[in-house]
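Heads up, the thing below is written out as structure tokens.
Every chain is named by a letter (A, B, C, D and E) in the order it is written, and numbering of its residues begins at 1.
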Amino acid sequence: MEILNKLLDKTALSTLIERFGKAGKEVYAPVKENGITDFAKVDTIDKIDFECIATKQSAKSLVFPRVEKILSFEKSYDDISVKNVDINAFPEVVALGSRPCDAAGFIPLDAIFSTDHVDEIFNARLKKLTVISISCKKADEYCFCTSVNGNPGNTAGSDILLTEISDSTYFAEIVTEKGKAILDANTDLFKDTSAIDKTPHLADVKQEFTAEAINEKLNNLFESDIWDKQALRCVGCGACAYVCPACGCFDIQDENKGNKGIRYRCWDSCGFGLFTLHTSGHNPREKQSQRWRQRIFHKFSYQMVQQKQFGCVGCGRCSRACPADMNIAEHLKEISIN
Amino acid sequence: MSEFEPKIVAFVCNWCTYAGADLTGTSRIKYSSNVRIIRFPCTGRIDYMLLTKAFASGADGIIVSGCHPNDCHYTSGNFHARRRWMVFRRLCDFMGIDTRRIIFSWVSAAEGAKWAQIVNSANEEFKKLGPYENYHKLSTQEIFE
Amino acid sequence: MARIGVFICHCGENISATVDCSKVAQVAATFPGVVHSVDYKYMCSDPGQTLVGNAIKEHNLTGVVVSACSPRMHEPTFRRACAEAGLNPYQCEMANLREHCSWVHERNEKTDDKAIDLVRMLVEKVKRNNSLQPIKVPVTKTALVIGGGVAGIQAALDIANAGHKVIMVEREPSIGGHMSQLSETFPTLDCSQCILTPRMVEVAQNPNIKLYTYAEIESVEGFVGNFTVKIRKKAKSIDESKCNGCGLCTTKCPNKKNPNEFELGMAKRPAIYVPFPQAVPNIPVIDKTQCTYYKTGKCKICEKVCQANAIQFDQQDEIIEVPVGAIAICTGFDIKKADFFPEYGYGKHKDIIDGLQFERLASASGPTAGEIRRPSDGQIPKKIVFVACAGSRDPAKGIEYCSKICCMYTAKHAILYKHKVHDGTAYIFYMDIRAAGKNYDEFTRRAIEEDDAKYIRGRVSKIYERDGKLIVVGADTLMGAQTVEIEADMVVLATAGVANQGAEKLAQILHVSYDQHKFFSEAHPKLKPVETNTAGIYLAGACQSPKDIPESVAAASGVAGKISCLFSNSELTREPLIAVVDRTAPPQYSSCTGCFMCQSVCPYNAIEREEINDRNGNLVKQLAFINPGLCQGCGTCVAVCKSKSIDIEGYTNLQMYSEVDALLNF
Amino acid sequence: MKLGFYPGCSLEGASREYNESVMAIAEEMGIELVSIPDWNCCGATAAHNLDKELSLSLPARNLALAEEAGLTVLVVPCAACYSRFCATQHELMHDENLHKKINGIIEKEYKGNLRILNVIQFIDEFIIDKLDDKMKFEFNKKVACYYGCLLVRPNKVLDFDRTEDPQTMDVVMKKLGADSIDWAYKTECCGAGFSVSFTETVGRLSGQIVEDAEHRGAEAMIVACPMCHSNLDMRRPEINKYNKKKSDMPVIYITQAIGLALGIDRNKLGLQRHFVPVKLKDFKPYTKKTEVENPQKMEVE
Amino acid sequence: MEEIKKIAKQLLSENKIQMVIGFEKGTANKVRPAFFKNADDVEKLIYNDTCIHNLALYLKKDICHHIANVGIIANPNVVRSIIQLASENQVKEEKITIIGISYEGKCVGILDFKAAEEFAKTQPKGLKPEDRAFIEKIQAMPLEERFNYWVETFSTCVKCYACRASCPMCYCGKCNVETNNPQWIPVASHKYGNMEWHIMRAMHLAGRCINCGECTRACPVDIPLNMLSYMLTDFVMDEFHTEAGLSTTYAPALSSYTNVDKENFIK
């Protein structure tokens, strides 16, 4: 679809949110609570934190929740009955105010859940998700989207991308059919405009390396000692993976009470030693550096091979969340010049 | 509507309270049938995570009981348990878990009557407090419908 | 898959009168995993047990829940029945439907529900039971007897005469204990040494008994049947194999002014000495703290006079390691000394003595050759006051208990005094006369009636010296608590019997419990009076609480009986309900992290440090290892272990968790 | 140095000489004793027989006032006051509910941070070490140190010295150069509060005390309690009557003894106020020993 | 700082140690843990008052396994952690060289374990006024509100286990949450799973926590979970008069007892 250019002023955006509510859509947007900005359900525009560079956690939980029921079961004397989760019951969700990198994150995530096996639950959620992103006018020292094929005004992954061009007005790019459906249902709120150069309204994020260069380098780096060096201070938690918009690893668990129970999937992280621990006691990724290597290889090599997609969007969340200040951009740059 | 009957789980040691409860039976002293006794070798064996598990699984009240100080069959299990309970109670209290719902007692093998009295008074107390919905809900909401 | 059989017992009408047994059996039949569920009138009867056994075979059961009385009653019965039917006995559990249900509740639906819950709980548990094998441990048929007093002597002789080896360890240079210090014994007034010394000699001569005197226990490791004991044989400075006991050295020793311990300081002895003439072994010891040679480097007169060349000044302490199967603690007691009593002048007055000192004064072999004379000036006291309960039954002094033997020996002292000092008067202050024992009350009556002892019921508030007399101020409670003042020549305090010095340390070495007075604790005050809480370690005599001679001897024979029982099999069988530390393949080896917090909670020191080494011998990991012989199965370590690396058979985490789950989640 | 001070009624009345001598030696040692502002009766000896709360509230108010005044150490020379204060402190600190209740009654909060010292403890802590520098005379007399009942009992509450055979006063007197005798009546009852009501009883009880001390050659008795002093000093006629002989052995406060050794004027120490004249004289001039011997404190059980 | 560098350089050049754990410049104005293996690298070492990470953590990570002797720049929190780890048989004196630094940032030189114990005693810990105020605020809430407060607070927990990973005392190879037979604690980060996890963690740290606050600093969603163990540390100190991190022979509060422990709550 060709991108349609529109103007949307902030009062119209406010109306739009109210209309979403009335139409039974759940709107999630960055909300600041106790000093932390994260995606939360909103019904009015004034709850939204538009100033935040990046929420602590990504928007991925809208399609890939922390904990998600897959099925429920019940054991009787000689039988077990299983009931799958009803994928039709998922609500319509609008992600509003996400950043272009958040939106871009849905692409590798979709690739993970749809290559080879198509995950019904994930796709059902994704189908009901509309992404209305807002371009970045600010960036910080952790941002590196431009190094991984993104940019502060990137439309990829968004259904509508808003760019603030004045205190009262957004330049709205209608990117997808889902976006157009919103436009069509709310034509009174959008004004026509010709294409506008967004650049003056965007943050400046310097490109330090390219994802392709990393991909190239990795071909010869599996046995390198760079992983040991970089991972020295890694404490082995899962914070990086859990805040990452593109990490899709999960664990499947049963939880039962007596003869009844459910099966759910929940986030997991390749940073944990337990991730690859065999029952025998053998662990193919015995050291933390091997887990770090896996993280980089997966995002910049394996995913590219299997899914034709890099697994990193340059949002910098993992670096912000890391208790030991593992700055992924810095390490990637180091790899690129190795 | 019938009266609320609390679900009570009793974690007791084999040597004193379990034997004491046997004596309650031998003495034919009646007490509330809301209690279910689980036998442990010693109070020192009783894991606090089993207590939270019991609450999460629907218990409205818990009784933990063992040998009086210095009477432990294993000499010191009850002393270790006592300390563990002190700390656990403090933590529960701080976290808003209702410590009135965990009754600790020493009941010796000779105190059959005391066991009946402990159960009955616990039963009355838990009745007053009502079902422990806070904790039950915690373990069922979100996931189990 | 589990195949569980449920057997509901009516117990006549004991259960069925309150619980609808057939309903419970029907409901239990619907539990997942239950393949057989029946009710029956008397499950513990022969036909009942056969019923269980046949069902095991017929239905190929993997687990059995007998729902009947308390497992404390019949668990062994049904486990045996299961074993006979070919099922591992530890796959049998009991649901307590009688003591915990039918007897304590009314007949109604709620009670049935409870019964069903209890059965379900045990079904879920037994599904997770492990098949266990009883633990067999070999037995070393040698007993260690600690202490060579009358209790130790009795125990050693009885065990030796049963055909077992005995090692006796005595701290002093001679065996004999306090009994060898006594003059005559109540209530028969027979001479203490006359009855004891033949038995001492018997110990020395019995080929089954190895005697170590002047020796102490250094350490004890291991468990019942398999202890390893280290004995420190203190250097006597004498080659025992050469010494012939001629005694020349002791007579020639120039350094003779040392306080004589055996005479409680009322006589002197040389630096090289035999504690008393009838000592066993009759071999002297050099007191290194007193000997002139050890102090100045000069003298060696004993070495010169010894014709057997037995003196060895450079002898060192020797550590001997012996394996033993059982231990008898017979370390006896001590008494409070007169300096414990502030109201009696903290022992400032030489003529205020304790009961044991009086025994020596009254003994024909004592420092006064049996004449009662004041230690201060050697005068014969014409007025003597005996104070019973000096310290005993006095919470203010921290001794609440009755020392038990004082009433009797004080009566004996009064009699002996009267026999020796015909014109003297003996006063006895007492609280109560406790003379329960064969011929005991008759004996105290004799003191009062025949030997004219003046018994005054009341306590002594103070004793002070004035113009050479001891003023004893007390109250006579039978005379309206009137103050009594007696100007006495000598006062004998029947001071409290207390735990032997070193008892606490020994208890810690042996890992047995002791009370606040440092007396060793028996496993059960009524039914296990000579056992400790540690299997294989027994108690006899006054180390447990003050006891007189007949009681000590009886307890010692009891211990000997227990130990002989233990030694009657070559292997011990123990319940396998013990804790274990998990093990996995390398490089983890175990989830145990080696923090050893379990070690500090284990009351039995059963947790050891196991070192895992790689092929080159480098230490990889330290892990907890639970010695199955020592573990008694309390499970405290299980609850303390943060990484859940320890579990306890019979009460595993999975079993307990499932029980909770089964009770609440159905 | 400033320390709290509670005089109580006796030190302002019958036992002025005690007060005077305490103040005199404190002054000499450069210690300022500050009275508790607005202090009240301690409640001895009657209150604790009548009303437990009253008997605790009276001392508690004084203690709270002292704490409010910022004092941390309180010197209480009268043994009866000392006993009541310590008993109150003990009870309040061991019973939370009672503590709250009493706080409510006195409308103040006593936190329990005061250290309460009797005169001997005061000397032991603040004076004895300085004696070497200040002593002018040796107290070269044979003395009987008399403790009475309230200074050492009940041991659980006071935790001061050995109940049956106290030694601290003897240590002080030995330090002053006195020969302190071992005798049997150190802690016997002097008749205490019967001083006025049953003088005959006082005569008998105090008589035995005086007789034993004198029999063993004491030239003076040393006391640290106003009540003991008045019984042994003022009731001497009754004592002599009981003993059937005349005794002129003086009874002096330990503070007076120290005062004498320090060379303080006898009248400043209140020695002229005694019923039994204090004739002690011929004190040996004191020369500081080169080797400073530490006064050996007996082990307290 | 120069003194620290000097000591570190000397130790490395004399091969008394093979690695120094310290700090270097991190992203923007931050500092980050750093590992120096030769004397020249040490030039990059920095120390300032933002160096609050508890480096003792790394002594239990695989990076230290094969190093004969590790030097560690140790502020009082690190020193306490090392002492506590030693009391739990987790570190060996001969494998660690402590370069002690006081709270004020003063270098106190190389400390053996004995000296470290002495040093730790001189460095006051206790609750900060704001922590105490927080704890008191929670305590002042009615029971229900307290419960809801924690349920809500923990509901944001994603179970990334950064708290565990950055805690020096959480060294178990296999954590209790990872045992699954039985599954003591639900794996999921739902409210129940989170609550149980934090109860368990607080209990495991009772009497062992040295109050460094790393767990909360590491938490990506800023949960004040350190308040649980701080509160318990305070409680343990009040009740049992013991304190973690001061003695290598410390008997942890929950695996020791006295005959006079309070039992007023036991019927």
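One rule holds for everything that comes next: contacts are C-beta pairs under 8 Å (C-beta built on N, C-alpha and C of every residue); 3 or more make two chains touch, one makes a residue touch a chain.
Keep in mind that what you see is a predicted model, and the values were worked out from it rather than measured.
Participant: Shared touching chains for chain A and chain B?
Facilitator: C, E
Participant: Sort out for me whether C-E or B-E is joined by the greater number of C-beta contact pairs.
Facilitator: Of B-E and C-E, it is B-E that has more C-beta pairs in contact.
Participant: By mean C-alpha position, what chain is farthest away from chain E?
Facilitator: So the farthest one, by centre of C-alpha atoms, is D.
Participant: Going by C-alpha centroids, which chain is farthest from chain B? Tell me that one.
Facilitator: Between chain B and every other chain, the largest centroid distance is to D.
Participant: As a quick test, compute the distance in whole Å between the mean CA positions of chain D and chain E.
Facilitator: Between these chains, centre-to-centre, one finds 55 Å.
Participant: How far is the middle of chain A from the middle of chain D, if each middle is the mean of its Cα atoms, in Å?
Facilitator: Centre separation, chain A to chain D: 83 Å.
Participant: How many angstrom lie between the CA centroids of chain A and chain C, rounded to a whole number?
Facilitator: Roughly 70 Å separates the two chain centres.
Participant: Where in chain B do residues touch two or more of the other chains?
Facilitator: 48, 53, 57, 76, 80, 84, 142-143
Participant: For chain E, what residues touch not just one other chain but two or more?
Facilitator: 174, 176, 184, 188, 190, 254-256
Participant: Could you pull out the residues of chain C that touch at least 2 other chains?
Facilitator: Residues 588, 601, 640, 653, 657, 661, 664-665.
Participant: Considering only the defined contacts, which chain B positions touch chain C in the complex?
Facilitator: 5, 7, 9, 14, 18-19, 21-26, 28-31, 33-34, 36-42, 44-48, 50, 53-54, 57-59, 73-77, 80-81, 84, 116
Participant: Please output the residues of chain A touching chain E within their complex, sorted ascending.
Facilitator: 34-36, 38, 56-57, 66-67, 141-142, 232-233, 235-239, 241-243, 251, 253, 255, 264, 266-267, 269, 272, 274, 286-288, 319, 321, 323-325, 327, 330
Participant: For chain C, which residues count as touching chain E in their complex?
Facilitator: Touch residues, chain C against chain E: 588, 591, 593-598, 600-601, 622, 640, 642-645, 653-654, 657-658.
Participant: Under the stated contact criterion, what part of chain C meets chain B in this complex?
Facilitator: For chain C paired with chain B, touching residues are 70-73, 96, 98-101, 103-106, 110-111, 113-114, 117-118, 121, 513, 533, 577, 601, 603-604, 632-636, 638-640, 648, 650-651, 653, 656-657, 659-661, 663-665.
Participant: Residues of chain E touching chain B in their complex?
Facilitator: 135, 138-139, 141, 143-151, 176, 184-185, 188, 190-192, 195-196, 198-200, 202-203, 206-207, 228, 231-232, 235-236, 239-240, 253-259, 261-263, 265-267
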